[in-house]
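Look at the two complexes coming up: chain A is in both, with chain B in one and chain C in the other.
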Partner chain A sequence: MPSKYIVGRVGMFFLTIFLASTLVFFLPRLSGRDPFREKLFEEAQRGGYLEDVDEIAAALNERYGFDRPLWQQYVSYLGEIARFDLGTSQFTFSKSNNQLLAETLGWTIGLTFISAMVAFFIGTGMGAIMEWRRQNTGLLAAMAPFLMMSAVPYFIFGLVLLTVFWFSWLQAFDWELFPPYGAYDPTVEEWPDWSDFRFLGSAVWHATLPALSIVLVSLGGWAMGMRGMMVTTKGEDYMLQAEAKGLPDNVRFYRYAIRNSLLPQLTGLALQIGLIVSGVVLVEIVFTYPGVGGLLVQSIRNSDYPLIQGIVFVLAFCTAVTTLLLDMIYPLIDPRISYSGN
Partner chain B sequence: MSNATDTVTGPEPMMAEPSSFESIYRERLVPMGRYLRRNKLMVGGLSILGVIVLLVIIGHLFYQQDDRKGNPQGVSELVYAASVPPRLKPSWNPWGEYPLGTDEQGRDILAHVLIGTPKTFRIGAIAAAIGIGVGLILAFVGAYVGGWADLIIRLLVDSLIPIPGLLVLILIATSLNPGQGLTENQLAFAIAVLAWPGPARVIRSQVLVMRERGYVTMAQMSGTSALGIIFKEMMPNLAPYLLASYVAALTGAMLATIGVETLGLGDIDAPTLGAMLYWIIFTNALLKAQWWWLIPPIVVIVALFVGLFMISAGLDEVANPRLRRRV
Partner chain C sequence: MTTAEAAPETATNGQRSDVLLEVENLKVYYDTDAGQVKAVDDVSFTLQRGERMGLVGESGSGKTTMAMALMRLHKPPAIIAGGTVKLDGVSILDLNEEEMRQTRLRDIALVPQGAMNSLNPVYRVRDQIVDGIKHHTPKGEMPSKSIVAERVVELLNSVGLDASVADMYPHELSGGMKQRVALAVATSLRPKMILADEPTSALDVVVQRQIMLTLEQLQQEMQASVLLVGHDMGLMAQFADVLGVMYAGHLVEFAPIDEVFENPKHPYTKKLISSLPDIQVKGKFTGIDGLPPTLVVPPPGCRFHPRCPIYNDDEDFRGEFTDLRGGLDTGLCTTVDPPLNEVEPRRWVACHLYEGGA
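What follows is the complex of A and B.
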């Protein structure tokens, strides 16, 4: 019963969103702090004398609705979340959180999506071929360094890449192989303009090292997972039958072996999304990529709670949506499974 | 219960007394050594961690700065060199007083790494232990009590796993100790809050499988209480899974520690590996060509994670006998 499965899965999705938004609401409020007042005091200390700190803080808190009872704030917050209104940043007055996120989220999603997909498909393919052409032991040997790399956190590997491909290169050849920071060459004023091929090239060139630090680290895990599944699949009776009835090698490989081994890989991808997003945020900081990571660090430094909450909620939301979509793909790939809901 | 055990005959009485060191050696250590010889990954991982531990110990024993002025009473010299800047310019001179050089704030990098590595490991170890403990309890409650308790635990686990852990940690960190950043123990507890869903899921499915096994049914029929079954029958069989989950949780917790500290949410003035990365990234050390500052923490962190990865791959072979290589 696919419809029951879909209803259950969508229910799970809303539960995740609800839990995430509730955590996002209550966790920062547990501290019982008053960021406006603290910031004003800080300013007062820095700039000498500042009158009526308490009154100004109270007025600001009233304007943001922070003076109301907690349950009222919570109810109106849930309403805003349902409308995707992430509120106003406390310390970036000219822009709403939605605007700030709209400027940065695209870079993050692009980087995450492309590098995660590249890693998933190349890694899975490598694992599949590795097991299918078992007699070719060179493939296994080629895999070893990728396996070791898969242990290292993305952003640490990013620092390694930065040292090797930017710093050492610059020292050795007095020439930049890859740029060390940013998402495109900022010297051209009319950019960003996606219809300009030079801009596109510049963006790809800037994204190479951040993307590589995700791809190279993830490859090994996908390859080993796929290899393990292929071992099991190769031992199945239907594989023997396919061989016995004389199906060509590539048909058995693509239509029989890969298709039957792919499902656990997708489950793995769905489970990994959260980790990948956490990792990408740190990679962006290493490469000063103009994505959500940088905004997050800035908001942490300012103790800008509404903005931190907005960023965390949006990232959790994107993760939950991706997980949901992946779970919805299952029935398309493997029609055998019965979705009875339990 | 005693009646049931009395009637058991067979090889039990002969195996019963491993009291002398001799028999422990023959029954436990020799097979373990024989097994380790085959499990090269585990040996490799253990050796990497062993080398790190050894270097840290040797460093603590021998590496001390003796002409530190203004060292307050009761503060060991190594800690002092790592936490309080001797106000030197960032420099690198391997044959000088500071073998790995000094950083932007003039701190001794070698001292920083020597102090920071065990600190990071300790935070991860505490967080992972709490996470596994909570996960274990919830797994048994879920699998044994069943019904509503199981449903709630399962729903919580399933809905928490997709939420990126680092982000929740950021929220916890901003609320727990704002401004100063989290202390080490706060960080460990904050990470532990997020470390239980994974182990809970793995252990619960294992317990469900185990509950149907013959030896558990046997114990049930002979009147062993639920707690007796859990501790006497299931726990020994769960041990490899617990160990594997612990290593996985430890890796995750250390990654979270370093990540949170790199974001500047830990104590940025404390000599931890993450705080080191925070300063390296936010003072643009590499753009200023201060490569000697970056390399030590990177090497240590990569070695730690590769070592743990190899151990966990080796344990996977123990916990998952299908993977065990046939001799």
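What follows is the complex of A and C.
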């Protein structure tokens, strides 16, 4: 029954969130480091003053509750997470973690979502057409470079794009085709004002290279996946029957071939979301994009437990929401899904 | 079941030409790396309006390839290398793609193999019946939704299905029900000809009988011709008016079904019929020795001669054929491919035994 299906998926969603938040609580703590103490020593070495470090560290740890038993910390952490209170960073005191994420998450989600969707739709479309118009071998040849690119990690490809568009011959003409860093032109506006077209334009312009490095790298995979599914679908009996029924080419292409090939692609998308997000984090660093990527790397370097927890939790949450949405769309596309398992 | 006598009468009462399907020297070859596979080689036959033809042959004899070529549904590497196919006077092979698309379902419809998943798994039965109708109706002339819905119910009832099936998905149907839906789709535009490619394979005999009865009923009601492809001689005996027998890409015998069973002429047909088990007598199971030849390099002369009981002077067949064999120049068997000749009225055989007024 569909309602049973929905309940099952929502249950799965909460289980995923719970497991992710548990993992992100315990994993960083396995290192057994005392971040405050280390930081103080670091500062002390720089400043030469090395007294009372232990006392200060202990005081700070007490203030953050790190001196309590792990299970107590865990329980209060779960309570905070449930209220979407991500706590306060150990080293970025000026803002709460919620504020830090509010500033950065939008950029990351915008970049990830748009480029993942663009890659998915273009790649899937290319794969579908490639197989449907098989006699057109030019399409297959056009695919070769994308396949090559799909073997490269996002961030490496980002570096390649930077080299091509920024550090190379373009400079000789003093021609800045695409900006190499940032998310918007600071001279346009101090702070994001999305109603301002100039700001919007500069945001899109700045996002082009990071987005391109994600799109170009993932395009080939989607195309090959879709092509493979189309090969299978074309061999299905209902495809022959569709032709025998005298259905026009476009109807057979969209309503028969694509419709049936799309299902595994969507599963693939649901599975890939997490990977895309983690890839984007590195792309952001390459392009100094103000998303969560830079924040996450910095927090990991500092062993900033609350911030790591906050960022990873939010990313896991977004991934789980996307997966849940895809799960909800799936039965609409394949009527067999909601009934399976009953 | 209506027997073979009924059909010829119904076939002759119209003013139009009695011939619905005319296949002449049809050649369908597969272009492979190993060479050209002549899957259908020089096949000619005619089918009367309202007539039911059975087409039998071993696997790989070219019967399905030919059936697909009649609807131009053959896929590369298959090519139609020659010949003509005329359906109600229209040359099928000369139609352009759009005309051919319109012809499918409207004039000639396919009932797929029973084992096939011939329904799109993601759409309801209703949509799959309607889309065929929709794409054969000129734009703007599609009747209202309620009329179409009525037509769907009418079609489902005509194949013995409940109206509620319209809103089901294929995975909610049994094999027999799916095949009934396929029948409803095939008859939705009242085609002149129905091409049924092993419609009952993989169905149990009870469902098989129901499906065949339904097909027959629809055929009678629409006065459509049927080409039934299969290898179940029992099924053919019950259903068909005329029977074509294919061997290695050739049509070797074509005759009214009763006569084929009573007096098969081609040695292959003879062996085929004598290999049918008899429910009364528990005898030794006899088959036809050997395997069908490769169609890349078919045997010289008659393609059946390596397995032919007459050519090889098989003991079991000596009595019956002694007289005939006396007049047979066995040299011809290995050198000349026998053409399909009308040796008696309405009896076509491709064998050197019946040449020269034997």
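What we mean here is this: the second predicted complex is superposed on the first by the 324 of 342 C-alpha atoms of A that agree within 3 Å, B and C clash if a C-alpha of one lies under 4 Å from a C-alpha of the other, contacts with A are read in each partner's own complex, and residues count from 1 in each chain.
Note that a residue touches a chain if its C-beta (ideal position, glycine included) is under 8 Å from a C-beta of that chain, and two chains touch if they have at least 3 such contacts.
Everything numeric here is computed off the predicted structure, so don't read it as measured data.
S.K.: Evaluate whether chain B and chain C can sit on chain A together after superposition, giving fit or clash.
M.R.: Partners fit side by side after overlay.
S.K.: By residue count, is chain A touched more by chain B or by chain C?
M.R.: Answer, by number of touched residues of chain A: B.
S.K.: Based on the superposed arrangement, let me know which partner A:260 touches: chain B (first), chain C (second), both, or neither?
M.R.: In the superposition, A:260 touches chain C alone.
S.K.: Touch check for A:246: first (chain B), second (chain C), both, or neither?
M.R.: It touches chain C, and chain B stays clear.
S.K.: Just to be sure I read the superposition right, which of the two partners does A:162 touch: chain B = first, chain C = second, or both, or neither?
M.R.: First partner only.
S.K.: Look at A:300 in the shared chain and tell me whether it touches chain B only, chain C only, both, or neither; answer first, second, both or neither.
M.R.: first
S.K.: Would you check which partner chain A:15 touches, where first means chain B only, second means chain C only, and both and neither mean what they say?
M.R.: first
S.K.: Taking the superposed arrangement, what is the smallest distance in Å from a C-alpha atom of chain B to one of chain C?
M.R.: Least C-alpha distance after superposition: 8 Å.
S.K.: Indicate the residue numbers of chain A shared between its chain B interface and its chain C interface, in ascending order.
M.R.: none
S.K.: Which residues of chain A touch chain B once you look at their complex with the stated criterion?
M.R.: Residues of chain A touching chain B: 12, 15-16, 19-20, 23-24, 27-31, 33, 38, 148, 150-153, 155-156, 159-160, 162-163, 166-167, 171, 180, 270-271, 273-275, 277-278, 281-282, 285-286, 296-297, 300-301, 303, 305, 308-309, 311-312, 315-316, 319-320, 323.
S.K.: Residue numbers of chain A touching chain C in their complex, please.
M.R.: Those in contact with chain C are residues 236-238, 240-248, 251, 255-256, 259-260, 333-336, 339.
S.K.: Taking the touch rule as given, give the residues of chain B at its contact with chain A in the complex, in rising order.
M.R.: So the residues of chain B touching chain A come out as 155, 158-168, 170-172, 174-176, 178-179, 251, 255, 258-259, 262-265, 277, 280-281, 286-287, 289, 291, 294-295, 298, 301-302, 305-306, 308-310.
S.K.: If we count contacts the way the header does, which residues on chain C are in touch with chain A in the complex?
M.R.: Contact set of chain C toward chain A: 71, 73, 101-106, 109-110, 112-113, 116-123, 131-132, 135-136, 169, 171, 182, 185.
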